[in-house]
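Two complexes, one shared chain (chain A), two partners (chain B, chain C).
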Partner chain A sequence: MTGRPPILQLRNLTKVFGTFTAVNDVNLDIEEGEFFTIVGPSGSGKTTLLRMLTGMEFATSGDILLRGTRINDLPANKRPTCMVFQSLALFPHRTVGQNIEFSLKIKGIDPATRKRRALELMRQLRLPEDYYGKNVTKCSGGERQRVALARALAYEPDILFFDEPLSAIDYKLRKTLEKELKDIHRETGKTFIYITHSLEEAMVMSDRIGVMRAGRLVQVGSPQEIYSAPQTKFVSEFIGDVNVIAVTANGAGGVHAAEFGVSFKAPPAPAGFSAGHLVVRPESLRFVAGRSEAENVLEGRVYNEYALGSRIQYQVRVGEHVFIVEKLRQQAFGGHRDDAVLIGWDASDSILVTD
Partner chain B sequence: MSVLAQIFRPGMRHALPILVFLLGGFAAPLLAVIAFSFVPSRTFSLWSDWSFDNYVEIFNSSSYITFVWSLGLAAATVAILAVICYPVAFGLTRVFGRYATLITLLFTLPLFVSENVRLYGWILIFIKNGVLLGTLKSLFGWEPESIVFTHGLTLMGMVYVYLPFMLFPTTLGVSMVPQQTRDAAFDLGASRWQVFREIDLPLAMPGIVIGFLLTFVLAVGAIAEAKVLGGQQIIPITHDIEIAFTYAQNWPLGAALSVLLMLVVGTLVLIVLRRFDLDAILGRR
Partner chain C sequence: MNSSADRMRRALIWAWTAAVIVFMYLPALGLVLASSTSSRYFIFPITKWGFDWWQKTFASLEIHQLFRTSLLIAACVTVIAVVIALFGALAFARYDWKGRSIYQKIVLLPIFFPQSVLGLALLLWFNALGFTMSWQTAVFAHLVWIIPVCTLVISIQVYSFDPALEEAAFDLGATKWQVFREVTLPVLFPGIFSGALFAFLLSWGNFPLSLYTTGADTTLPEYLYAKMIAGYTPGVPVLGTVSTLGAAVLLLLGYFIIVVLRRRRSAGSDEAA
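This part shows the complex of A and B:
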């Protein structure tokens, strides 16, 4: 990390609804200018956390500090932060220009200055100038996205929040907008805090990612750290298809998998590790010709294969356990269904995680 | 395609029954009324010398007073209902969400009871020694003047009777405002009042305008409230029309009054519709 001063600090932040703790004791520092993504499944508390950060929900306990000042009780309209909503929440009775200018009108800025600023933002977000007077409901999905972003930027917020604004957009456009958003983050230099249930989306855009589960922030790190060094089974599985084997420490530096009745060579265990899971990514598994070709080898049968664009995925069954093996198309495995195969991996390609 | 073939297209053919029904049941009586307004006073034949005499007679009489009373009462009713119904609709939408409009239908339950019966119920409440004054007298020995047969009570009666017609469309309008647009405006720095003015009101406007029109048109045609609760303190235009058609046996005069009323109300409605362009507002959703 670069040691820039934190713009936002969360201290033991908690939100309780009745008997349900939606956000549980969250501590986090967010740096100035950072693109930080909070990712978690639905119901993990990420939206409640965001609503507290924007001032639309108030914390039960703990503190929110913006540049060192406590802002817990400041309502949304008094906070120098702004949010792009999941539904975008554009004003349907207003034009593109009026939507973008809304916050300026509220501040009482004169129409000429307002228009100049709106056109500036439209240029920056690659919206055609003649869209200024266009009815916002007549815009396409991607254009509406840009209008929502321009409207938020016009407020000149210290922090910009995003509540899954891309979730309702088709795959191809989403991929484009993800990159565009990252470019705009670079151009504006503002702090972006983004929420999504898709770790894939988070990976593309973020400087750092925080993974939430059941109201708690379970791991915070760069996309690379989250991907290559998940600390729990939950985080490792959140990334996508992974192979997970329940193991216990065998006292000899390796781990024992009761399911297969064998010991595996494993990476160095975290201090005090006694039981957990060995995680092997599908692309780290390989088909081997003999038991000497990999540090850990299991024998199984090919059950099926799936073509996933540039990659091919194989389902290999070892007893009842299903392993997923992925190969690039050009390195495709020549075998067939029901062939007996050996799959193997090296200790350094696996990760030990706790529950 | 010939004209005949045009008429006998399948769509036209299927529309014929309703077309005949509308022409016979709706357009014909209206045309008859308009025609009657041009025949000589106190005659009952449509085939006599047509003239504007009835209209001239109205403009030379004091009928405009009843016009003003009807329009004024209707306007006051609509204004009071708007102030009452918007907060109620807002609250209902907040509490019941998308079921709010269903709940509003409960407010129409009184419509199952005859309007006259309901109005006489109010008389029983407000009359001397009635439910309200009688209770005050026996409990506190306080005997205020009865307010039956006053202008105020007439207005109250109208507000009471037409409440459902304002509340239902208003609730519909308010429930069409997405909560996130309010949140977004608030997040962009707007105060509660600015959110109301910039977001809530314009987005709920289609419903509110429909409520305006519905209650205004109904209230202009009101007659029972003035009769029952107002004790003839107020003579609405509908009363003049009724008298002309019944006691006075002067159908042409009644018809002319009706046509004038339709013209005035129709013009007002058109002005409002033009101003708010309901189609555009509704079509955008």
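This part shows the complex of A and C:
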């Protein structure tokens, strides 16, 4: 990023509800102009974390620093940040224009200036000008997204928060809006903090991703780092279907899998690694003709195959363990159900993770 | 086969509709008939048609006073009930708090009291406190029964209210009061309006509570009752008709306002800027 100091710093941020710790000791620096996404399953505390950042919930302990100033106790309406809600929360009794102008009206800005600013934002977000007087409830899903974003941008926030605004939208439109959001991030240069349960969504848009689990931030990194170097089994599984084998260090630079009674060649283990999991992505597994064709080879049977559009997925049973192998359609493996096969991978295609 | 079943079904629907109209609306029409006679008593078939009693009724000072009292009570009840019921409904349906379910039950319970018992109980209570019965005590009595109804009506709107709307307004820099004025109130307005309509009409037509608690003041329903048991004239159905028509007009007007409001909203007015 830039050499500027971070815009937002979280220090040991914790939120406790009764006996339940929703957010547990989160530390994070967010750079000016960054698109940062917090990903986690439902109940991981990501929404609570976001609500503390926006000022709708207050921290039990720890600090939130905005450009070095502690803002813990500042309520939402006093913070120079703004959020796009999951439900969008557009005011149903107001027109598109009135929605966008809401914060300007609150600030007491005159109607002419308000309208000029609203039309400016509508142009920027590719909303037709004649939508200014249109009722928001008459707008389509994509248009409503843009109105919500325009309304938030009109507030001129230092940081823009997003609470899964795309989760209720169908796949195709979501893909379009994800890209649009990234473009808008680029155009405005503002800091975006986005939360979602979809790592796929996070991958498309973010500069950096933070993965949350049970109130803790378990890994922070670029999409590439999260994808290729997950540190825990949780993060590796969160990305999608992966093959996970429980292993222990065998002292000879490899790992031992008790389940199969064999040792595998593995990538260099993290310092102090004694037990964990070997992760192999479905696309890294291949069908081999002989044991010499890959560094690690297992023998199994094809259990089933699924056509996934451009790819074909095979389930291969090795004892009780089901491995997932994915091939591009053009490289489809000619085998059939119940065929005995050898599947293999090289140490460099696998990842060692802890629990 | 099919068409005969179809005919049968259509015949049943018509019969049902006719029965509903005959049993529910014909009696009201009978009232109009009874008021349109020139004779002293109601005899059917009517021999002497005329609107003498309408003239007499409208000219009567006593009747004017009745209307004033009924209107005054209904107006006071409407205003107070709507304010209390709105906040009651918000506590009832919008916020989750400890004791909410017991609060809901306590608030709604008065709906199920027999009104004559409630009226008597309030009369005893007012007496014990040393109040003189008047239209003011009647307002209070009406409120005891009408606020729960009004709360229920408004809470239907509140249940469908997205709390994120308030948060969004707050997040955009509005103060709590601005949030209420700019978002909560206008979004809930259709419900508040229906609540007000209910409050007014229930108070306007209320008899059992008024009977016990108005003291020397008299409302329309009370007067109608008194005249029915002693001193019937065709002025009674005249008053009944006027009172019913007034309520009907108010209801239609309310419906009209709601329709216009909804249309203006969905059309997207250009009252902005």
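The rule we apply is simple: the second predicted complex is superposed on the first by the 351 of 355 C-alpha atoms of A that agree within 3 Å, B and C clash if a C-alpha of one lies under 4 Å from a C-alpha of the other, contacts with A are read in each partner's own complex, and residues count from 1 in each chain.
Throughout what follows, a residue touches a chain if its C-beta (ideal position, glycine included) is under 8 Å from a C-beta of that chain, and two chains touch if they have at least 3 such contacts.
Only a predicted model underlies this, so the values are computations on that prediction, with no experimental measurement involved.
On the superposed chain A, the two partners chain B and chain C do not both fit; they clash. Within the superposed three-chain model, A:G133 lies in touch with chain C and out of touch with chain B [touch as defined at top].
Applying the stated contact rule after C-alpha superposition, one finds that A:R151 touches each of chain B and chain C. Of the two partner chains, chain B and chain C are each touched by A:T54. A simple residue count on chain A separates chain B from chain C, and the partner touching more is C.
After overlaying the two complexes on the shared chain, residue contacts for A:F85 are found with chain B and with chain C alike. Looking at the shared chain after the overlay, A:T95 reaches chain C, while chain B stays out of its contact range. In the superposition on chain A, A:P111 makes contact with chain C only, not with chain B.
In the three-chain superposition model, chain A touches both chain B and chain C at residues 54-56, 75-77, 82-83, 85-87, 89, 91-93, 102-103, 106-107, 135, 137, 151-152, 155.
Those residues of chain A lying in contact with chain C across their complex are 54-56, 75-77, 82-83, 85-87, 89, 91-93, 95-98, 101-103, 105-107, 111-112, 114-115, 132-135, 137-138, 151-152, 155. Residue ranges on chain B touching chain A, taken from their complex, read 178, 180-181, 183-191, 194, 198-199, 202-203, 281, 284-285.
Remark: chain C residues 162, 164-165, 167-175, 178, 182-183, 186-187, 189, 265-270, 272-273 touch chain A in the complex.
Against chain B, in their complex, chain A makes its touches with residues 54-56, 75-78, 82-83, 85-87, 89-93, 102-103, 106-107, 135, 137, 151-152, 155.
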